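Below, subunit A partners subunit B and then partners subunit C, in two separate complexes.
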Partner chain A sequence: MTGTEDAIEARMVRVAPRASRRWALQARLAPYLFVAPFVVLFCVFMLWPMVNSMWMSTWKYANPRTNQYVGAGNYKYILTDKVFWYAVGNTVMFTILIVGLQVPASLGLAMLLNSKRVKFRGLFRFAFFSSHLVGHVFVAVIFRLILRPRTGLMAGALGSIYAPWAEINWTENPVFGRLAIVLAVFWINIGWGMIYFLAALQSVDRELYEAAEVDGAGRWARFRNVTLPSIKPVVVFMVVVCTIGCFQIFELPYMLFDNGTGPGMAGMTVVMYLYMMGFEGVGDIGAASAVGWILACLIFGVAMVQVRIARGKDDG
Partner chain B sequence: MKDGGVREPSDLSRDERPKNALSARDTETLLRMRTAEATLDYRTPPQAPPPRAARDVAGALKTTFLHFVLIVLAVVCFVPFVWLVCASFKDNSDFFNSTFLPWGHLHTLTNDHYERLFTRKPFATWMVNSLLITSLHTAIVVTLSSLGGFALAKYRFRGRRVLMGVMLLTMLLPSQVMLPSAWLLMYEIGWLNSYKAVIIPGAVSVFGMFLFMQAMRAVPDELLQAGRVDGCSEVRLWWEVALPIVRPMIGAYTLLSFMGTWNSFLWPQVVLQSADKYTLPIALSNLIGLPTHDTPYGMLMAGTLLSILPVVVLFFVLQRDFISGLASGAVKG
Partner chain C sequence: MAFHLGKPILVMLGISATCAAVLWFRPAAPPRGELLLWVFAEAHARTYGGEPDQKAPSLLQAFKEKTGLRTDMQLIFDRAQGVRLISMFMADMRGPTVPDVVEVEINSIGKFFRPPVRDVGFLPLNAYLEQTGSREIDSLDQPGHEGWRARFRGDDQTYKHVDGRWEPAPGEKSDAWIDQITRSRFAPYTKDGVIFGIPHDVHPVALAYRHDLFLEAGIDLLKESGDAARPMTWPRFHQLCLDFRQYWAARGKPTRYPIELKTMGTDNLVVMLLQRHMNLIDKHGRIQFNDPGFAETVAFYAQMVAGDRQIGTAPGAGDAAIAQDLNDGNICAFMTADWRVRYLKDFAYVDRNTGRKALEGKLRFIPLPVFEPGKDARTGTWGGTMIGIVRNTPRPDDAWKLIEHLYLSDEGFEARIRETNILPPVVAQWDDPRFDRPDPFFGGQMVDQLYIELARELPDRYVQPASRTALAALNGVLYKAVGHVRSRGESGLLEACRGWLRDAAVDLDERIKWGTFE
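Up next, the complex of A and B:
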């Protein structure tokens, strides 16, 4: 207990001597009672499954009741499985494309909207952000129809530029299938990133710009030397969060393609591999747990590298 | 203001101005500085300003161009929604013939798809399931997070550091790690295919706890102590002092949590098994038939539109809180 609280308790005694003991008790117990419901649920539904999944990943499950200890067998199997590495490669490719497109686009959009000249800023903000309200499943359903050859919205738009483009069968072609997923995630996330960047831009010190202008800095120099350093924490945050999100892509390809994995497994991601391992076909939840832990290591490693790079640049 | 946290700058200044009102001397200094600034401006006008008319024209052009770019981008972003609304009213023959509305023969527009959703499919049940599960889940998670966040921010108690350490550790792991083991737990306690399985396990949000912990730091200790002296119990301090101060964060987190649960697919997909328990994402995913050409596209579009609407409505209600809440979290990193 801190000094101030002791002082208050002492004061309580003076104010209400009779109720003081019960009063002190409720004050002392309060924080424990406040966190108790959370802690109970947290231990049962989060901590326990997490610890247990480590244990489960060393077992082979035929069904929830029948299992067999295999030690590192699951990990060995997964790490030598070509499909798994294909899924990792796919996921990394999605991540690089999406992060590389979305972060600069969100920043650009935020800078446009941050201009003093813009009227109806709230309206634009809503228009750009609205797509983020739609869940991945619903987006996949919408994109399924938008991307239909000849009759879809995309075919209409592309076909008006160059007629043969209307024939592109997006969900049946591995290259366009991947592009479709990148487009869909891009559409979902661009406005969301913009909100963060807009807030960051608005907190940049105006005087810095004025000082730079006095020094004769042009538009680009101001962006490089004033804007970017000031909003750097948000940029790093956005890159890391976006990367973590991309590593967990699942619903979008699963719903976009007829067979889940897409043409030539173009939509295969690590989480989809996990889902298929544990909940479709064989249903080996032990091996699925192992995939989960490998995914955790992948995400942790990539995020660490990103933060390290960001910090390194800071020192230099 | 930066460490003020969750509230919008305008809110903050309105609330705080009376407290740190300027003293007479401060005002005097400020006034003097202002005057100095003004005189300085007056004595050194900007060098060779461009003629006024030319500047105005250039400015107007820039403004117009900027708005033109923004409008084009906004339309591109928004057009899938317009298309979705159009598609849900087109009849089956127009569906694959016209991109937007069949302008030539508008009389073919129909609300059949909506009708069929409710008569041939248990769409009402799915909607109620989704609303029930999501609202209950959101209510629980917001209550627990604000209560826990309050305790973490405003009390020193034994085990606080350990708890925060463990919470942080679990936050580093992606939720898919515990998907199989949590499913096994549901299987063992017999919760598979029940609403509880979707509501309760998700009600622990480490993210929410940290969010509210950050927000609750803005609650002044003096206020809590004053409340205690006045005989306010600790629970009432939470309810009547702390919660009103973090109200914007409640709004922001309510929307965030509602959106997350409403749209969640993987967990409900593995624990819910019968059609009468489905939430909307699961139900819609099951509408897509195999083989695909059997898919009732009109119904799918109508169902998707109806599924998006509740989140959009909630967004409009909580928009202000949400955007300032998101932003404050971001700026603090």
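Up next, the complex of A and C:
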């Protein structure tokens, strides 16, 4: 061994532990570094606003100089406000109607457009899905024009059946007003639901259908015993997501009815109530924050119940 | 070419890189002008910024030439503007994104007045109004109105207009802006005597109607409306409208309605209440729902929009639908504030044969009917805009100069006449000869003069922080009243209305107490 080799070896002996220490440190830190961008963004744009809004919900607030700590006062007021419960009732009604209509209709449409007997399936799939690409505000404006008395498309169609029906003012009648919201949401979302169900239907194992057919199962039996159990996770997902979406309805009634809440407060939803508290009627961001937290709890509770029911049935 | 992550990722990377390059190299936005102005109405933006093909300098360009101050104007939809503005006030924001001068719609203003006067997000304007805008005259022969005080440029002395002449008034100050603007229009923008906004308008309301169709039915509303001393009453008008409906129903037009009245919506009802000098909440913050006249008005209104004696119906959404209903004769009269007059003209159909507007010569205007002649006003007020200075502006004096230029100057008046023809709040400008011209579209009627006549008897309208909530409460009562008329007729309606209003007042009072700071 020459002197040079000795020197290199001696250096390696010194360097190796340092390199391995660095490597070990890197290996330990790497996961944190990888998730750091997300954590930072999450903390700045989600966690901090959430904590802040929780804190604000305990204040009566107009601006930094005009505010008052009220503890649970906002929650107490909101939970005893009959308008809030009216809004909850309205929202629940919209949810039941929309989920009840949309999930089966989307599934039916998906089954139809999954059938090889239907021509131009791609075109129809796109056509039905395209309504989901339109913003809620635009849809509300379109529906306002369609539903105008005397001069709207709907008035023209109904008036041709029975003349006085052309006089129906959908946005001035609570029953028709609610129906208009349900129809508009249904129109927006049916294609979106269809896409999920299509994907689910296409992943069902063909062999299961063949086996069922061999066992003599009819169409309904195949649907009930093969299709539905296979796509159940998607059905549960659709019900939960639709429910969450329905609990957040706001733009449609707000734009559809000129004064925001509509005739007899037919368009008053929980988010509308939140908006009124924060920006329109009262102008108190503290109270609005409290409504937001109550809404979050409501949605969480309902979603949990739905998932629990679905799981319960599964276990059974 | 192979890319180990696959083509879709490659395409996405390409798109991202292109977007990044575009963003990086896009031209920088010009620096903010000295002043930032927010407006919510397109017509106002046109008035200040000029038409795209306008050759003469716009109001804002003229302001820059006069003062050297560049003003950036942003047109923001009123609801969006309301949210942004209240968020800025809540956060006490400062900086280049915060506007210096803002126009706010009358129905949106209440929420900004929730904090105590010292913490309202707008700057108090009393001092500016009292110290600027001195009325001046060039000659003692110049016309004036009783009680006006002006500085005569000839001798720099103050003169007062008494018995049709200018008389010396030593020791008195000439009128400032506060004396020259319609007093009643400061009311909505005032809190505890502190003025936060300058009114853009007066917005008196008249009744525009299809003169031809009413005449054909044998009803001459011009004659019926009489003179100021003997105005037509609402019950009389109601009866005439029932006759109108009967006449047209017999001729195969059962859905021809005499008047636009919303079934669910309080715009028209509020105008009628204002005629009786009733606000939802008065200037002292007292709820007026329990005033006996309030229930009478709601009950009367409900039986005009529902039941056997219905005369009114609602048009579709949007001003084009209103004009269409008027054109087609589906709805034959409209409560019309001065801002609506131009819509009636602009949206009127053009007759293909003659090339003229089909409604030309068919419309007339009358003052609103009243409930109690001699006591009620023949007009109400509908809509409105104020302009205010944001408290956090670093340039309050320049902002005031801009307000004077846009709202109170002669140039501002000229632009207003050209674009909107809305009656200005400065009373002296009502003497302009252009308001005396007969309008051929309205059969030669001097419509502007009628609006000026009505503006002189304009009732006060107050806006409070809870006004929006009060409107919603009134809407709820009206909904119940209309339901009552539909299901049970008019029997017991008045008593029921009193009960609902009593309950609504109690509920509203609790809400006001909860929303008020101790």
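Definition applied: the second predicted complex is superposed on the first by the 270 of 316 C-alpha atoms of A that agree within 3 Å, B and C clash if a C-alpha of one lies under 4 Å from a C-alpha of the other, contacts with A are read in each partner's own complex, and residues count from 1 in each chain.
The rule we apply is simple: a contact is a pair of C-beta atoms (placed from the backbone, for glycine too) under 8 Å apart; a residue touches a chain by one contact, two chains touch by 3 or more.
All values derive from a computational prediction rather than experimental measurement.
Novice: Is A:Glu167 contacted by the first partner subunit B, the second partner subunit C, both or neither?
Specialist: second
Novice: Is A:Gly267 touching anything from subunit B or subunit C once the two structures are fitted on A? First, second, both or neither.
Specialist: So A:Gly267 meets neither subunit B nor subunit C here.
Novice: On the A-aligned overlay, A:Phe279 touches which partner chain: subunit B = first, subunit C = second, or both, or neither?
Specialist: The answer is both, since A:Phe279 touches subunit B and subunit C.
Novice: Applying the touch criterion given at the start, work out whether A:Phe138 contacts subunit B, subunit C, both or neither, answering first, second, both or neither.
Specialist: first
Novice: Thinking of the overlay built on chain A, is A:Pro253 touched by subunit B (first), by subunit C (second), by both, or by neither?
Specialist: neither
Novice: In this superposition, which partner touches a larger number of subunit A residues, subunit B or subunit C?
Specialist: B
Novice: Using the superposition on chain A described above, determine whether A:Pro64 touches subunit B (first), subunit C (second), both, or neither.
Specialist: both
Novice: Which positions of subunit A sit in both the subunit B and the subunit C interface?
Specialist: Residues 64, 144-145, 148, 150-151, 258, 279, 285, which sit in both footprints.
Novice: Which residues of subunit B touch subunit A in the complex?
Specialist: Listed in rising order, the residues of subunit B that touch subunit A are 2, 59, 62-63, 66-67, 69-70, 73-74, 77-81, 83-84, 87, 95-97, 99, 144-145, 147-148, 150-152, 155-157, 160, 163, 166-167, 170, 172-174, 176-185, 187-188, 200-201, 203-204, 206, 209, 221, 225, 228-229, 231, 233-235, 238, 259, 262-266, 270, 281, 284-285, 288, 290, 292, 297, 300-301, 304, 307-308, 311-312, 315, 319, 323, 326-328, 330-331, 333.
Novice: Okay, in this complex, where on subunit A does subunit B touch?
Specialist: Subunit A reaches subunit B through residues 1-2, 4, 8, 11-12, 15-16, 26-27, 30-32, 34-35, 37-39, 41-42, 45-50, 52-53, 56, 64, 109, 112-113, 115, 117-119, 124-128, 130-131, 133-138, 141-146, 148, 150-151, 153, 156, 187, 190-191, 195-196, 198-200, 203, 233-234, 237, 244, 247-248, 250-251, 255, 258, 271, 274-275, 278-279, 285-286, 288-289, 292-293, 295-296, 299-300.
Novice: So in the complex, the part of subunit A that touches subunit C is made up of which residues?
Specialist: 60-68, 77, 144-145, 148-152, 163-164, 166-167, 169, 171-174, 258-259, 261-265, 279-285
Novice: Mind pulling up the subunit C residues that touch subunit A in the complex?
Specialist: Residues 82-83, 86-87, 89-92, 111-112, 114-116, 118-119, 121, 255, 262-266, 313-318, 321, 324-325, 328, 330, 465-466, 468-469, 471-472, 475-476, 479, 511, 514-515, 517-518 of subunit C touch subunit A in their complex.
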